[in-house]
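Presented sequentially are two complexes of chain A, the first with chain B as partner and the second with chain C.
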Partner chain A sequence: MSLLANTGVLLGKELKTEFRSRELLTTTIIFVIIVLVLFSFTFDPLSDEARRFGSGLLWLAFLFAASLMLQPCFLREQTNDTLSALRLSVSDPFAIFLAKLAANTLFLMVMELLLLPVFAVMYSVTVLGVLPWLVLVFFLGSLGVSIAGTALSSISAQARMRELLLPLLLLPMLTPILIASTEVTAALLDRSPYVLWKGIGFLVAFDIVFLTALWLFGEYLLEE
Partner chain B sequence: MWKRAIFAAIVVSLMGAAAYASFFVAPTERTMGTLQRIFYFHAAAAWAGMTAFSVTFVANLLYVWRRQPRWDSLGVSSAEVGLAFITTVLITGPIWAKPAWGIYWTWDARLTSTFVLWLLYICYLLLRTLIEEPDRRALLSALFGIFSFLDVPLVFGAIRWFRTQHPAPVIMGDPNAGLNPVMKATFFFSVLAMHVLMVFLIMERNRLEKLRFEVDVIRHELEVA
Partner chain C sequence: MTPRVSYPAGIRFENVEKRYGGLYALRRVSLDVAPGECVVLAGRNGSGKTTLLRIAARLVGPSGGNVSYIDSSRGDKGADRVRPGFVAHATMVYDELSAEENLLLFARLQAVERPKERVAALLEEVSLTERRASLVRTFSRGMRQRVAIARALLTEPSVLLLDEPATGLDSPGIAWLTQTLCGMRDAGCTLLMSLHGASEISALATRGIRLDAGAVVGDTNAGASMSSVLGRAGE
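Showing the complex of A and B:
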């Protein structure tokens, strides 16, 4: 499978670039902490309300952070025109997308898992009992965000005002992810897992739809 | 020229007849009275807007496949016209909702997904203004249009399944649920009129886009010369 082999190599390159500087992770983690602190001033974070709003806030913060984090994904390739080199080196351009979206999913997961304890302490929610489920929701949600985000960041990188454009293109498109992840997370933190499967099924469906679209149309996104 | 004038006359008379029918022919609804008549514009515009966006989707797919500028031109024309119709829907909806439901806006699946749809197509047009090169603009905006169109059913499904506390939209719930035959006829006549108007607007807008394209080509030739 040359697609998987190519993806593996490219993923290694993405990870190496990021972990050399850890710029993306540090900035987005600090950004999310700031957002969580600022949110806490808009209502009483230790009341029962907080339990209802908490998961929504958390996901909103994640989405905003993702719209920042996905920014350099293709922009970074432009400075030295490395994208042309990438395109020449792989047989299937889908491998470029797969590697980038896998790396982005991983970065988002790292960021989310590092911030989960901070959130739990600040908003006084217990997460330990449902941790495996939360990890699954974080994974499916982040995967969806990364699939749509990687595709759209390759579009925004080719336009003017690119820094401003990506959140505009991405955030409305992520509405389904926000709704489903928030509901599942809220149900988990509330210990009423009745919407759980529906939500997880929905996230899987979103991921499949967008991954298929990216697979079908990805090569056109990278055309010269 | 004559063709366009005749088409315009047809559109005006159809819209006039639809307006007449919805004000004077259709019977007054029992519980909501005259207020219900806005439905003939509101829902008909929604249907026409959705059709226009479907045209955009097909044009986007055709552009990616065939790479002919006319599909790009059709895509932007139908997106703009669809946006105009959906804007009408988003304005007439609250006008009806305030007296009927007591609130201007509720976060129900249909309303919210229409609003997200509206936002996505605003972004589609915005994206087009931010890419200079015509071929790249056409391709990238077509791809964004395709992704947006795929997103809409997901938005609707997500709100439907997870935000279930919405007040049931009685009137919009099912247009055929025991609807008076005259009302039904008026409604479908309005839908027809709106669709003819939509086709007319798309054709006019498309013509404009073609002229603009020709001007660009001529200007480019002059600059080169």
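Showing the complex of A and C:
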């Protein structure tokens, strides 16, 4: 069975289990709302300061939410040793990663797009004019977070201090993507919005490099 | 349902070793399991039975030595297509999916032909048709084990690896499993299973192998000496 067919079947399983329990989406959305509300009290929502720091806060909240979301990604597969069943069933183990990172990217995008209007209202920023560009940045950023996070989640799930290990590995690795995403988002939320192509180029390069590395070495991450 | 095995296959372990740090789980194990053989692995807890089965399933890589499958119809050239069925200690099914969804998922991943019909037939065989839409997390241990066994049988594998398959099964369940394994063996499927002591299931065995501290310490064909290899019930 082809890689894409296996990925499609596994993605269907990931979506079914999440939309049945809604564990990840509910907890991460609530978490991000709390962060945005708390920080909104520290800024004058009409000031340029809120506009300048808003994008950084937004991506910081997304990053912490992502680490919450990525933690159970492979941990769930440990419960009944379902990862072994998947490894025995798929023709290419990359399909397991591909399905998980597609699901994680989708969940992150859903969370980000649901929270964008909340952010726009609280921090008095106009997003409608640059919405397609924001969606692109959210997608590239979320994809990068998901690729690195899914790979690290597969490593941390087999470790003893698994709850601590993922954030410890994830946050330093994602610092470049956080900086690039924040800069591009800040430029888009400026009073005179512009597209920071250098940042977008960096995000695309990060995604391609990490996806290729996962394709090449992912199989070894799944071994016991 | 009559089991079918399209191509009988055997397993060859050559000087297989497995170390976890300084601890030896397996020590230079060399075995040839012929196509169609029904082999019982016996031994105390920690003797290496599970490790040997997981290495045979290609879930764990050996630290030394080699494991290969021999496709009797094509020789070594066909070994790549041998995909063993595996029943492990853990059920290897998703609690958040129903019995039917679980089996359909693994049937589709393994490109089973007409997956819905195959899954319906297997659910009937494991007496779970009425509970097919129930989430697995609502099942008893024995019912979960039935789903686990059904998952391993989805592709009608030519090699079936079972790690204490009777775990959680009641008497009718054990009788069903014995009958199923008997059918698989008669159809030419190679069975390699770990068991604790003599039982209805061990009576199917054509060969018994005893492991101790990761090494083979006994290997016998069916007969009077089998009971000495299998040991006392519950061991």
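In this section, the second predicted complex is superposed on the first by the 212 of 224 C-alpha atoms of A that agree within 3 Å, B and C clash if a C-alpha of one lies under 4 Å from a C-alpha of the other, contacts with A are read in each partner's own complex, and residues count from 1 in each chain.
We adopt the following convention: a contact is a pair of C-beta atoms (placed from the backbone, for glycine too) under 8 Å apart; a residue touches a chain by one contact, two chains touch by 3 or more.
In this text the structure is predicted, and so the values were computed from the model without any measurement.
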Contacts of A:Glu223 with chain B and chain C, given as first, second, both or neither: both
Contacts of A:Ala151 with chain B and chain C, given as first, second, both or neither: first
Partner chain in contact with A:Leu168 - chain B first, chain C second, else both or neither: first
Partner chain(s) touched by A:Leu88 [first = chain B, second = chain C, both, neither]: second
Chain B versus chain C as contact partner of A:Thr79, first or second or both or neither: second
Partner contacting more residues of chain A (chain B vs chain C): B
Chain B and chain C contact sites that coincide on chain A, given as residue numbers: 223
Residues of chain B defined as touching chain A within the complex: 64, 116, 119-120, 123, 126-127, 130-132, 136, 139-140, 143-144, 146-148, 150-151, 154-155, 157-159, 161-163
In the complex with chain C, residue positions of chain A that touch it: 1, 5-6, 9-10, 13, 16-17, 20-21, 79-82, 84-90, 223-224
Chain A - residues contacting chain B, complex: 148, 151-152, 155, 158-161, 165, 168-169, 172-173, 175-176, 179-180, 183, 195, 198-199, 202, 205-206, 209-210, 213, 217, 220-221, 223
Complex contacts: residues of chain C adjacent to chain A: 54, 57-61, 83-84, 86, 88-97, 101, 105-106, 108-111, 151
